[in-house]
Amino acid sequence: MSVKPEGFEPLIVAFCCNWCSYAGADLAGTSRMAYPTNVRIIRVPCSSRVNPSFIIRAFQRGADAVLVAGCHPGDCHYHSGNFFTRRRFTVLKQMLEYMGIEPERFQVRWISGSEGAKFASVMNNITAEVKSLGPNRKLRDAR
Amino acid sequence: MKKIAKTKLVELWRQLASETGLYLPIASDGVVNFARWQEGAEVDLEALNTLLPAKKFFFPQTETVLKYSFSDDLVLEDCAGKAGEALCLFGARPCEVASFSMLDRVFLGEPVDEAYRRRRELTTVIALGCNDPDETCFCGSFDIDPGKAPGADVLATDTGDELVLVAQSAKGEELLSLLNGVLEEATSGDENKVKDAQEKAKAKLPPAPPAGGLMEKLDGMFEDSYWDLLYQRCIACGTCTYICPTCHCFDIQEYPTGSRGERIRCWDSCMYADFTQMAGGHNPRPTQKERVRQRFMHKLNYFPRQHGEYACVGCGRCVRKCPVNLDILEVIKDLGGAV
Amino acid sequence: MGCQNPLFPRVVVVEEIRRETPDVKTFRVVAPDGGELFDYKPGQCAMLSLFPVGEALFSITSSPTRRGFLEFSIKETGMVTRALHEIEAGTKLGLRGPYGNSFPTELLKGKDLLFIGGGIALAPLRSLINYCLDNRDDYGRVDIIYGARSSKDLVQKVELFENWPRVRDTHVHLTVDVKSDDWDGNVGFVPAFLEQLNPSPEGKVTITCGPPIMIKFVLESLARMGYQPENIITTLEMKMKCGVGKCGRCNIGDKYVCKDGPVFSLAELQQMPNEF
Amino acid sequence: MKRIGVFLCWCGSNIAATVDIEETMAAARKMPGVVYVDHNKYTCSEIGQAMIREAIAAHRLDRVVIGSCSPRMHENTFRKTVEAAGLNPFYLEIANIREQCSWVHKDKLTATEKAISLIRTAVAKAARSEPLFSTEMSIERRALVIGGGIAGIQAALDIADAGFEVDLVEKEPSIGGRMAQLDKTFPTLDCSACILTPKMVDVAQHGNINLITYSEVEKVEGFVGNFTVTIRNRARSVDMEKCTGCGDCYAKCPSKVDSEFEMGLAKRRAIYTPFPQAVPNKPAIDRANCRYFTSGKCKVCQKVCPAGAIDYEQQDQLVEKKYGAIVVATGFDTHKLDNYGEYAYGKHPDVITSLEFERLVNASGPTGGKILRPSNGQPPKNVAFIQCVGSRDKAKGNPYCAKICCMYTAKHAILLSEKVPGANAFVFYIDVRTPGKDYEEFYNRAYEECGATYIRGNVSKVFPDGDKLVVRSVDALSGALVELVVDMVVLATSVDARADARELAQKLSITTNAYNFFNEAHPKLRPVETQTAGVFLAGACQGPKDIPDTVAQASAAAVKVVSLLNKESLLSNPTVAEVDIKLCSGDMSCLAVCPYGAIAEKFIEERHGREIRKRRVAEVNTALCQGCGACTVACRPGAINLKGFTNEQILAEVDAICL
Amino acid sequence: MMGQSEKLQKIAAEALEQGQVTMVLGWCKKDFWWQAPVAFITDPASAARLVWDPFTVYNPVKYLLDNHHCHEKIGVFVKGCDSRAVNRLLQDRRLEREKVVLFGVPCDGKTDAAKIKAAFPGRKISAVSRVDEKLLVDTDSGTETLPAAGYLLDKCQTCRHPNPVVYDVLAWEKVEPRPGVDDARFVRVAAVEQKELEERYAYWLRQFDRCLRCFACRNVCAACNCRTCIFDQAEPRWIGKASDLADTLNYQIIRAFHVAGRCFECGECERVCPADIPLQELNRKLIKDINEYFGEYEAGLDPNDKPPLGTYRGEDPAGFDES
């Protein structure tokens, strides 16, 4: 295997809805907008497919941050999915912070299919934020 | 026979902790559990029973049975041979100590459970006699003396301002000899104080319903309508089984991580539906009635049939903790007759 | 043994996988370096581990008279068995055992034997059948009544159709629940077939394994036909985790099926609580 | 274990320059279940696809992972490839190592490491993929159009012309809708009736159109291709077979009520046709106002009817019909002016709404086309037009722009100048909005050629002064207070959704916005579809729009209907939600979040000992489910799963990423 | 005058005698003064076992899930909190209203046995009774009087609905909510919120480290009413079965999330927790957030409500960066 560059490289799990945010990520690609390699995208049809359990599981397994990205409210391919996303993750995010998880570790963003630049900048920002926080030990499996 | 002023106990902890892992009843947010002693720990020797029983030292709630990896070839690593650490368990109550012999019958019976055997051998038990049993204590039902703990390596008795320590095994002798610096020799007066405390404790014990004859009585009660009513309020949580010092059922589970993994053993509960649920769909204990019956039959009939003693020590944890007040004391009273 | 972790398996290799029926495969496992795995008796079980899926208890279907390997016939029912059905020969598994009691081979000596099996439950019987046939002179007449849902669900077809009928004084009686074009044998459930054949209980011990509903009716039939509970032997199945009588889930009354069973005579079962 | 094949695409140098293919292949070989790994310069080429097909056969692969460009690019291509090799197309997973890896990263070491991780994740997902199938559904090749205005008429005609049978359901006794009430149409000023009436007649005469007037949709069941709609045929009290449309009945009817069509400016009878050109030109009895029905005596119409067509015993009929598609074209209501007391509407007869003005201008209207003040029957000299009444008013009206008012007000100003020579039009406006072909020119004409005065300002009050009206406003441009004395005030009332729109939306399982206009499936890309497959929108029921837009949308909806009905059968989306009834608690949380009405409850029977118990569970209609997965999260026990994106798969992906 | 227990006994006995119901769920006493578990009464004579005392806190409503199949109609005594449990089950369509007869019991708060024990260290208590706002405690050295308000369960100190919100019969006059309940409602949540981030994590870690994973909190909860809980499933296994702390946190976070908008603050989870984990601090945090973000909502008041996470408004605010 390749030798890792110096320093802490966070692992960021991003759930991206197929129609907006995943397309936004693709657009970042076709536009050759560079961002760090730390993010791994899981494609879901809609941000409303993202179960809070997936997020907790990612932290358990060692993710340093988790991002859920969907269409802007009102632009959901499935009409109302991201409205539920918004409610669910507003609640979850507050709860995680209440339990002592740094707010940067779990983020929700709206990224449309035309926002390749936004996708890249969100990736840059979240990577930088989590790098400065350091590795996540919270919610993590002992094994 | 040794003794130590209660005001000097911290010195004793410090000395013990320098020799071995030291575990004591320690309060955290008001809940007392056996925990590793650290400087400043809130040791609570008044609390009668810890939340979790001391069985966790020999039969941990979760332990790794083996590790495996299969990326190239299947390689298995046995973890039982490395199980446990040398430790001193301080403050186990007599009922708790009595439970160890029941666990021994299960895990030291053939085939011997190596991890359990190691942990048991690596542990020195300093029991603490009870001075003031709770209203929920019924160790008397099983002829356990609240002031005495024959299975312990050392018996400690609170005589007021002092703890008197009596070695009851070679392991206990050895441990006390390591503590010469902090312990004083006890006198015959102390011996009398111990006896006095033990007698007082026994006298304070609430009248216990006799358990004798229960096993025989239950022989014919498997189909009895008693169980039809008893189970109704059970909410199928695992509290009674987890906090029970004699419950010892376990599950085996896989914890894979990519091409590696661990097989772990963890406490299980006969109160759960999936305990006996078979892959094909059949469940020999399909409702909570069968599960509740199993628990009490096991403690009061099956276990004594197999091993010659009841699988209950009357510690009263289930009486205090069952969310719906469905406990073995009720069963003993119902079936064993009046106090 | 003494100081070993009783839950720790040894590594074995799957040498051969035979498909028996659409949902049953027979796995032959051997020691990676050749040699014997362990001594066992017909009716005993062993734990197979497939990493990282898990572990399950299976009855050994091979006979200890055939050395150098173990065989397990496994039906797809749960997570572990489903995963086992996906592996290929060469896969390494974990094995521990043997567990449980066994068929009373000594007691059966000199007796006529009536085997009654249904579906996948031929597995434990097969071990005993081959054991007895390999020690043919020790036993009297052998009758094997076996049934399955349909002709394609009959396991161990080579032995059923080829090997066993050729052995001296050995009679195989087959039946299926559902008729099909490729089947010209008996159609009907095992208990009915048994009553139809009506083998005399004289000097006979019957060993029966099958799904609970079949066992229930077979036992009724046998009772009607005059078989004594002591001469009816069966095996039980329970969810098991440890295999060594400690994990606490497979008990029926004060008997642990994994340790004290799985073989019980009807006389013994009648003494146990009805919880199986 | 599955037998998984991994294929890496170089995409020329697009991937290979940044991702070390050799190293990635070596890593892939060690992944659980992977039995074959290969690579290709261009996997999407025929050579690349052939390689996959051959490898599937040669190595008995049962799952395929391709590391390549985005699945949004070639997922369908490769699905067909694996299908051609005999595998289920959903046994394919794509790891996006181009758009989301090689193109956005420069460092080869870390990009390769990420590519390996992406492949591992795809492998983990593929190992848990199940075969998915579309189900084929038959199509009822008939359409229902709800609403007989210009939108419904146009849609019905287009669908019928394409050869499909259409039922056109209209609530009123006649089709025609709002457009029939209009006099002229902007920006060409052609006569509304002249262009509408022929279409109405076409509808009546078209062999494929079945006109169902005086009727409403009662209930809608089923799903795309297979709707079952219950239609309530209201009792017309007139036998349509017998009636010749002679009109004797309504000439003699003694009961007079305000005509809805004439906006209350004229009377109609209790037995009536809404307007002279009505289609069908056969009357209905308005039972609420009929003497016979209210007092039990009269029966004049029955006596005079030469055809014996009057039937007082008629009852509402519920008719159940099947359709493959539905077009909703229910139009709009004009805004109620209850909140606008300051304009003196209803208090002074010379304050009228724009639609009332339309009737005044109309040759067949109450004044025979003369613009006369309702108060004294004299032609007005000065007329104030107040725009945005109820529109763009967050405080007490609609916050949105009603879109058509600027243009019709310009039209009214022009018509005023034509009909009442010398009359002056004063238009109070907030903004004048004229986006549309020839619209700006039309507006220019109003003030350049026809002398309309446009005053930018919010009118604060209209009050009588003698027999005149005073309009008070501030001229926003000069800041000066304006008090204008006029003879007539015309309020450009806003456009509302139909009062019963929400009710209809519920019947159709479609949604509305906050103002009860029906929601399109996508505001830009699917403007005539709704989230409910097979239900389409036309006209102002979707939002305020003018006639050209309405007709365009109606034709668009018709094309969507036609292309749907043209299919032999429908293939359902295979990545749909699926209920595990063992786990389902029947709390129907899933139903609450489903945007497509694809989930329904059903009852199953289960044996408990000797007893049979009924239990509620959720059921997914795979024809309606679009596969968003919102339900899977709403379902607490995880009983509802999304095929192609199952809980097992996503958890496995998470685990694989975090290795 | 008839005592409160006698009133309940009469209601139950009559309902059984008249055949209105075939089972009544109420409360009975057991061996110890602080025990008042749910009783399952099926014959009028046994109705005499029913009691109403300072400890009849146990929520009987969830037992309906197990029993409603076997009975035509079941009578249930419901306090304010219990009645909201009924609405919860109705809202989740786990119960039919026609299957139950609700005997409403206005409740002036239940007593916390632990607080009583703490008030008399070293003394044996044999009985505790309530007379209006006074508690009479019989101890081995005489009867003591305590003010009831000072010894209430925490959940009763913040109870906004002491009267049943749904009932068929009312056992006695309705009572007034205690003054100051609204102020007290989120005090514990606010206390946790005020801690620093790391302190909060340490706090919760310490609490959940005690969790036995006995699932009593879930099993007792009327908002948790799935036939098969997601955490009991083997495929996929959402959390490991062993008591790993991370899995415990997962369980507790998702449990709280699953009752978000459903928790009606009955506090049974906290009462039954053998490890005394302050679960209401988590549940109430979610209630507080839902109120703040999506508008005031109280679960269990109207069975026809949509739970807040099962609905939305287009103009909802977000608790994250929406830019």
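The chains carry the letters A, B, C, D and E, assigned in the order they are written, with residues numbered from 1 in each.
Please note the rule applied: contacts are C-beta pairs under 8 Å (C-beta built on N, C-alpha and C of every residue); 3 or more make two chains touch, one makes a residue touch a chain.
Everything quoted here is computed from the prediction, not taken from an experiment.
The greatest centre-to-centre distance from chain D, using averaged C-alpha positions, is reached by B. The most distant chain from chain A is C, comparing centres defined as mean Cα coordinates. The interface with the greater number of C-beta contacts, when A-E is set against A-D, is A-D. One finds 53 Å separating the Cα centroids of chain A and chain C.
For the pair chain B and chain D, the distance between C-alpha centroids works out to 69 Å. Computed from the mean C-alpha positions, the centre of chain B lies at a distance of 40 Å from the centre of chain C. We define each chain's centre as the mean of its Cα atoms; on that basis chain B and chain E are separated by 31 Å. Shared contact sites, meaning residues of chain D that touch two or more other chains, fall at 593, 634, 638, 647, 651, 655, 659. Counting partner chains per residue, chain A shows two or more touched chains at residues 52-53, 57, 61, 74, 80, 84, 88, 143.
Residue positions 230, 234-235, 238, 244, 309, 314 of chain E are each in touch with at least two other chains. Residues 69, 92-94, 225-230, 233, 235-236, 238, 258, 306-307, 309-311, 314 of chain E touch chain D in their complex.
Residues 1-2 of chain D are the ones that touch chain C when the two sit in their complex. Within the complex formed with chain B, the residues of chain A that make contact are 61, 143. Touching chain A in their complex are the following residues of chain E: 192-193, 197-205, 230, 238, 244-247, 249-250, 253-254, 256-257, 260, 282, 285-286, 289-290, 293-294, 308-309, 312-314, 316-322. Within the complex formed with chain B, the chain C residues making contact are 1-11, 49, 51-56, 77-81, 92-94, 212, 237-239, 241-242, 244-254, 273-276.
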